[in-house]
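Heads up, the next two complexes both have chain A, just with different partners, chain B and then chain C.
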Partner chain A sequence: MYRSLFNILSGRNTRQGLWGLPLLVALLISLWLTVETTQFATAENLFNLVAQAMPLIIAAIGQLVVVLIGGLDLSVGSVMSFTTAVLALDQPAIVLIPAVFVLAAFIGLINGLAITRFNVHPIIATLSTQYIVLGVTRILRPVSGGTVPEIVIDAVSGSFLGVPYPVFWGIVVILVAWKLLYGSRYGLHLFAIGGGIASGAESAARNFGVSDRRNIILAYVVCSCFAAVAGVFLAGRIVSGDPNVGLLFELDTVTAVALGGTQLSGGIGSLHGTVIGALVMALLANGMNLANVSPFVQTAIKGGILLAVVGLQSRKKMGL
Partner chain B sequence: MLGLLKTVGLGVLVASALAVTSLAHAEDVKLMDGVAPRPDDTRMTAAGAFKKDPPWVIGMSDFGVNANTWTVQVAHEAENAAAKDKRISKFILLDAGFDQKKQVADIEDLIAQHVDAIIVQPVTSTSANASIAKAVAAGIPVILHTGRIDSDAYTTEIQGGAEHFGKVMGDWLVKTVGDNGKIWVLRGLAGHPEDTNRYNGLLESLKGTHVQIIAEEHGDWQYDKAKKLCETLYLNNPQVDGIWSSGADMTRACVDVFKQFGTPIPPISGEGNNGYFGQWITDGFKSISPEYSPAQGAAGVRAAVALLEGQQLYKRYVYNPDGWDKDKASKYYRDDLTANVWWPSELPEDKLKEYYGKK
Partner chain C sequence: MAAVLANPIARRLLRIPPSYFVFLVLLATLWIARPNMLNLNIMGIFIRQIVPLGILVLGQLVVMRVKSIDLSGGGIILLINYFISSGSFPGASLPFFVVLALASGLVIGLFNGFMIGNRRVSAVIVTLAVSIILVGLVQFLSSGNPPGDVPKLFNDLYNTKFLSVPTPVLFWILLTAAVWLLLSRTVFGRYVASVGENAEAAHFSGVPVQRTVILAHTLAGLIAAIAALVQTGSIAVGSVRVGLDLPILAVAATILGGVVFGRGDGGVWGPFFGALCFALLFVVMTVLGIDEPGKLIAQGVIILGAAIFYGVRVRTP
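Presenting the complex of A and B:
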């Protein structure tokens, strides 16, 4: 009994991945910062931390959906930059906000079609759209600037009963993603398709009547839409459009997903693991700032911790 | 009536004296050689507005420490200036790595640490505005340098004009290649405000001339990329009268390409980099070096200290020095130091040798 409880908590022998390890790392970092610094365990800093982690949490959840089916979306960062650029087009919010989601869904559709209909490798397909979207973004907004609709700024910077809005963004996004992954037939199909691809039986899900093509296309559309939500949040935080704001998000989201115990080969992973993975990354950045770690060594420390945590999560260790 | 006039006259005299005194105080604060109050903006901070008893904790949000050797030196200059002042108990240097959202987070983290002053090198002209305003609203003075923002919500700024930088090189190039010259333009990072503004300075120089840009490419201020570019441009069309280069590493790369092909090096603009100075002195080609000192990092610390001492500062300072010729470059060039040091520097001899000495 104790062993099965341990297995659930550690993710061993489950399809959730090893999310217990990054959780432990997050707790250890938090404990260390609470002891070492006077500012970490303050409400002001913790709310800052949530706001700082939120774009990565949102975009990483989108990336998780794609990774679960054995794919990868490298256009995530460009979609985020593009979203901020569109939002700064000086048009009414009622036009701009729906527009960014329609455009993001279209980008996801292109990715999905390229991968499923034309058999382009996900890395090549999404790298191509990354460049195309980045190019269009730079045409729209060559340098940062413009004005984001007030409603977007208020939705990110305000608070309700002393709780900043980013906390509510997190709750809503996680609930939606939870429903999608664990409370819908579509979520079940994602795990089935990914599991089949990871074990070399790509047609396994199809044999049970699951349309892998349609679900894969939809996964890329969902991923782009999450990236657009993250872009809207970022636009509210930087109060402008910026062609480069999403740079490196494609890699950070993959790192957060992997850190959270999700297997990049597909079929194994969890929402809570991904959220924890993103939080660990934000904690590292926030913690090293508070601990006044020299910027000359911060990157190396971050890389070392990420390598250690991800390196401990081999597929074999999960018993799969 | 006479009494009233005397009173008014005396009042005007006292007010004038006070104004002159406050002006003198502001001008007394020497931030850096070549830095002066912006002539068209006389706004000042209130005397004693940010006065605090030491020890002070000063935070700095750097736009990107490790982008290139110049940005590394800015960080060293700031750290050194802070270490020299014993009233500064802690200097927190945070690196945004040219990531806008990281800079927003860094400034928030500094506010949460209740630092006494924040120095910001903005990544872009807009992305950090909200967090800078938040710091000012929390009573923390914010000093900007080496990058502007589209907002007045800071305390004071020291800005080396990128347009000025581009124009110094552009004016010299126009004079050197003549009215009908054909030039290449090597730009920095696409979308970066510094690149756009330096380029605008060049366009200003070209106005009213017939100088023709026959090739224009982005070398991202990087040696490797610029070398490939110059090789391609040379092989495509070697007939060029002069080159406007937005940064020293790209200039060094392009000079190396011409040497590699064994052809004369056309007039080319440079920058205050030791490696470039060595190349300029040795190879003897025509060039100019606009000044953009990494010691602006130290000037930012001095501005923060001045505010915490209760001194008045102008809202805006400009840093628009003349370009350097080869004679001036020769006075600064150090053969015993690597190509990674930039001039002029305020680093003491031991630090110069520690960071840049040839081993």
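Presenting the complex of A and C:
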């Protein structure tokens, strides 16, 4: 019992990575906010917190899928902005919502193909698609505006039996991701490919009959689709299209993933860790807002956290 | 495709950095669209505008040859612009600002290098995070508004000409030559080449891999500080967004110039022409009436295209 508790807290000998510590941090921040402020521990603020954290949770789960195979997707933020811009195109929802996912999957496909077929480094491939998608988004919608379909707005702002819809979004997304990562052959293959890459044996999974190329392409498609879900949610919250809404969001997702104990070199990580990591980020933002910290300082602090959590991970490879 | 790539002439051609071809294509486009723009005076002005980018490229190519990347240039430029324009150092002279800028660049570059070389953190994450922290701090210190003015001397220096060539352009060429000598004639240059080719083999051959990476990043920080001084001279005012898109342009120009992670086929002059390509590209796009979103797309397509160009080549033995 003590032994396993120690293992969870230290993240040793586990494929899930160090997720116990961020959970502890989340609990400590919540405790501190409960004691220090009267507004924190109210149902209203907590539900609000869930709604605020939801885009990050959804997008971070997508990022996790890519990080597990030792990649990184820097186009997440652009895909989210792009999604809100497409949703605000003033077309019927029945056209727009499928279109958003087809386009996101296409972006993921380009990322995956460039990486696997053309040997481009994941960071370079997704950095270029980030700029291309951002450019297209700015053409569609130079400044924020327009209106998104009613159904998208209703889907995030209503409530059922006193529980607001964002909570259900979270439950559904986490269940789908759980099935994908832990209840499917695909999830097992992700860990296999990533474990091989992390230990320097890129062909290990292929030698056991796991098609690495196809699975890697699929990982980038899945990541983009999760980013699109996050974008749809965000569009419902801001009720319009905004080309800057996802700016630097990809870094927040990387922070959340790394904070949740997932190794950026691949193969080690967990869904629950990522959700906890995203919650810690949301709690910090909530706390800093309650404490009236300047938004510019908040950005700097987020950068510091990113540097700290990624800097604490040890890695064999040097460079990119 | 494979047969074409195996052809010796095709392979020889593929070794030439794409920037030379792109430069010629852009020059031809401009010559057809606006022949009257192709005179020394107008070109001098356009080229002068991208000197900060060109200088930043020099640092970028050094780190990219050791299989790393530096995206912190935007933060460094913003910080140094703030130092000079905020009036926090009343009565300070030009040498003081130059020393201050170089010292800040050195410290930030050393930090990047330590995190990447010693702590082995992903270079993209470190340098992006450093940039975000610096941008956040500068925006907080100036409360989101542009700070004050830049001492007049900066802009006066920037506007001088030497034998009808703008001084900044001349400075850029001299600096490029210096980096070229550094990489081709010194022990450090040999170390950089060997670490990029194969870090493990370099380590076992007695090359101080870690020190080379740290030094490369320190150099990149220093060069970014020089770029910041030129950039500040060119805009002549304080700003909270100047130079933020420069690092990514520098990466694009470097890849276009034939220097991809670990491979330095393009030397120093390939990326030099890569930066010149962007000078022409912006002129051509303005002439053709393509605005900011189009430029973003062009940047992305150029990086991806050049990276695929090299990726395909690495594949074929």
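Going forward, the second predicted complex is superposed on the first by the 283 of 320 C-alpha atoms of A that agree within 3 Å, B and C clash if a C-alpha of one lies under 4 Å from a C-alpha of the other, contacts with A are read in each partner's own complex, and residues count from 1 in each chain.
To be clear about the criterion, a contact is a pair of C-beta atoms (placed from the backbone, for glycine too) under 8 Å apart; a residue touches a chain by one contact, two chains touch by 3 or more.
A quick note: this is a predicted structure, and the numbers were derived from the prediction, not measured.
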>> Contact-wise, after the overlay, does A:L31 reach chain B, chain C, both or neither (first, second, both, neither)?
In response: neither
> Looking at chain A, does chain C or chain B touch more of its residues?
Replying inline: C
> Thinking of the overlay built on chain A, is A:S294 touched by chain B (first), by chain C (second), by both, or by neither?
Replying inline: both
>> After the superposition on A, what does A:V95 contact: first (chain B), second (chain C), both or neither?
In response: neither
> For A:Q39, is the partner it touches chain B (first), chain C (second), both, or none of the two (neither)?
Replying inline: first
> What is the contact status of A:V172 with respect to chain B (first) and chain C (second): first, second, both, or neither?
Replying inline: neither
> Of the partners chain B and chain C, which touch A:R138 in the superposed model: first, second, both, neither?
Replying inline: both
> Counting only touches as set out at the top, which of chain B and chain C does A:L248 meet: first, second, both, neither?
Replying inline: both
>> Identify the residues of chain A that lie in both the chain B contact region and the chain C contact region.
In response: 138, 142, 248, 294, 296, 298-299
>> Help me check something: in the complex, which residues belonging to chain A touch chain C?
In response: 72, 74, 114, 118-121, 123-125, 127-139, 142, 248, 251, 254, 264, 294, 296-304, 306-307, 310-311, 313-320
> Can you list the residues on chain B that touch chain A in the complex?
Replying inline: 62, 65-66, 75, 90, 92-95, 97-102, 104-106, 108-110, 112-114, 124-130, 150, 190-193, 196
>> Quick check: in the complex, which residue numbers of chain C touch chain A?
In response: 66-69, 115-117, 119-126, 128-133, 135-137, 139-140, 143-144, 199, 209-210, 213, 248, 251, 255, 261, 292-301, 303-304, 307-308, 311-312, 314-315
>> Taking the touch rule as given, give the residues of chain A at its contact with chain B in the complex, in rising order.
In response: 39, 42, 44-45, 48, 51-52, 55, 138, 142-146, 153, 157, 234, 237-240, 242-245, 247-248, 285-286, 289-290, 292, 294-296, 298-299
